[in-house]
Amino acid sequence: MADDKKTIIVFSGDLDRAMAAMIIARGAAAMGNEVTLFFTFWGLNLLRRPEPVKVKKDLLAAMFGWMMPRGAGKVSLSKMHMGGMGTAMMQHVMKTKNVPTLPEMIAEAQEFGVKFIACTMSMDVMGIKEEELIDGVEFGGVAAYLGSADEANVNLFI
Amino acid sequence: MADDKKTIIVFSGDLDRAMAAMIIARGAAAMGNEVTLFFTFWGLNLLRRPEPVKVKKDLLAAMFGWMMPRGAGKVSLSKMHMGGMGTAMMQHVMKTKNVPTLPEMIAEAQEFGVKFIACTMSMDVMGIKEEELIDGVEFGGVAAYLGSADEANVNLFI
Amino acid sequence: MADDKKTIIVFSGDLDRAMAAMIIARGAAAMGNEVTLFFTFWGLNLLRRPEPVKVKKDLLAAMFGWMMPRGAGKVSLSKMHMGGMGTAMMQHVMKTKNVPTLPEMIAEAQEFGVKFIACTMSMDVMGIKEEELIDGVEFGGVAAYLGSADEANVNLFI
């Protein structure tokens, strides 16, 4: 086990929880850690490209795709979303405080070398295809996660 | 600390979070890890027997019992439940993809030797009796959790 | 890494999740661990003083302040809140079972020497000032968290 490895399972696709994950990941990477993020379930939505991607899907997969937010720029607070007003307020405050947006945080994390792994089993169940996700994402399952977690000294589930 | 021990606190009783817990637990056990799951708060509902169990309860405990889902076959998605439609859609997709149901995942985890501990303090507060839970569950408190977590190299809270 | 250090990121401000955090923190401290809690996002509300505190805020910060619960005595269950009835029922049951209230658990954790750190970045975004928080809280950011987590053998995100 190395003191300089961290993993986070990004299960949540909520704006607030995703920001927490990215702030920790970016901070740990900036301090010299090797950070691996595993995106699973709703967390996968954070990795979706904002533009529609032409892929063949069956009806249910297409429905899931329509109902779920397309990318980190579309996600909402887990609390106080209030029909969008709370989320917009929070994003406005973050802007005035010069806090990066969530898509910017994600891009910065990738620039800092944080490794992104999308959970292939969740992708299969939710009907999300590799082409629909942003660049720089690797693909793996629970074995890949456990391999990284075994070597890390901080493992979080967000 | 051993590299082959893992613990998960299963706090959530949501279908999606419980599936994540079970997929990690089952995967880790299959790879030779000693895995301990601590079921607390809403997570206890995952361990309830599906059939009614005759136990003496006061009114409030009985009310909690009626309001909470009876077993892993009754729980809902934390997001997109949509009055049951989203949860049913997800379960349908899982079936077509040959992903086991949550009760099947739980049974498989037990077969793989994953240890299940129900939090006695939560059981007391929520009025859940030992007889109401599925077979193969042990009982313990925060000291039991900490004892296991101290020996594990991956500890998650889900 | 020492076997006797633990950290918890208290992200959630829900009654049930906060209780879980406090029960683990108090238990670990009672067993001789050095426990550090990082309060961030909604978790910060748990540290707010119950009485109004006169501080200068801009309109958005003031609005956030009004909308969010003022202190651990005001927070709700994440599930079955039911317009307050579920939360009141749970608090009633806890009282009859002699389980301490959440504010009591927080005070006890502090007495047991659990270190409380409020996330300065979240405070800035949510417009929460140091004077609004209870006594005995330190202030720090992600670097403070990572410094503690690197030395701990159990790190949870709640």
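Just so it is clear, A, B and C label the chains in written order, and each chain counts residues from 1 on its own.
Simple rule for what comes next: contacts are C-beta pairs under 8 Å (C-beta built on N, C-alpha and C of every residue); 3 or more make two chains touch, one makes a residue touch a chain.
Small disclaimer: the values here were computed from a predicted structure and weren't measured.
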{"item": "Interface sides of subunit A and subunit B: same vs different residues, half threshold", "value": "different"}
{"item": "When subunit B is superposed on subunit C by its C-alpha atoms, the rotation angle in degrees, nearest 5", "value": "120"}
{"item": "Separation of mean Cα positions, subunit B and subunit A [Å, integer]", "value": "25"}
{"item": "Residue list for subunit A, restricted to those that touch at least two other chains", "value": "155-157"}
{"item": "Residues of subunit A touching subunit C in the complex", "value": "3, 16-17, 20, 23-24, 27-28, 31, 33, 79-80, 86, 89-90, 92-94, 97, 99, 153-158"}
{"item": "In the complex with subunit C, residue positions of subunit B that touch it", "value": "1, 9, 11, 13, 40-42, 60-61, 63-64, 67-68, 121, 124-127, 141-143, 145-146, 149-150, 155-157"}
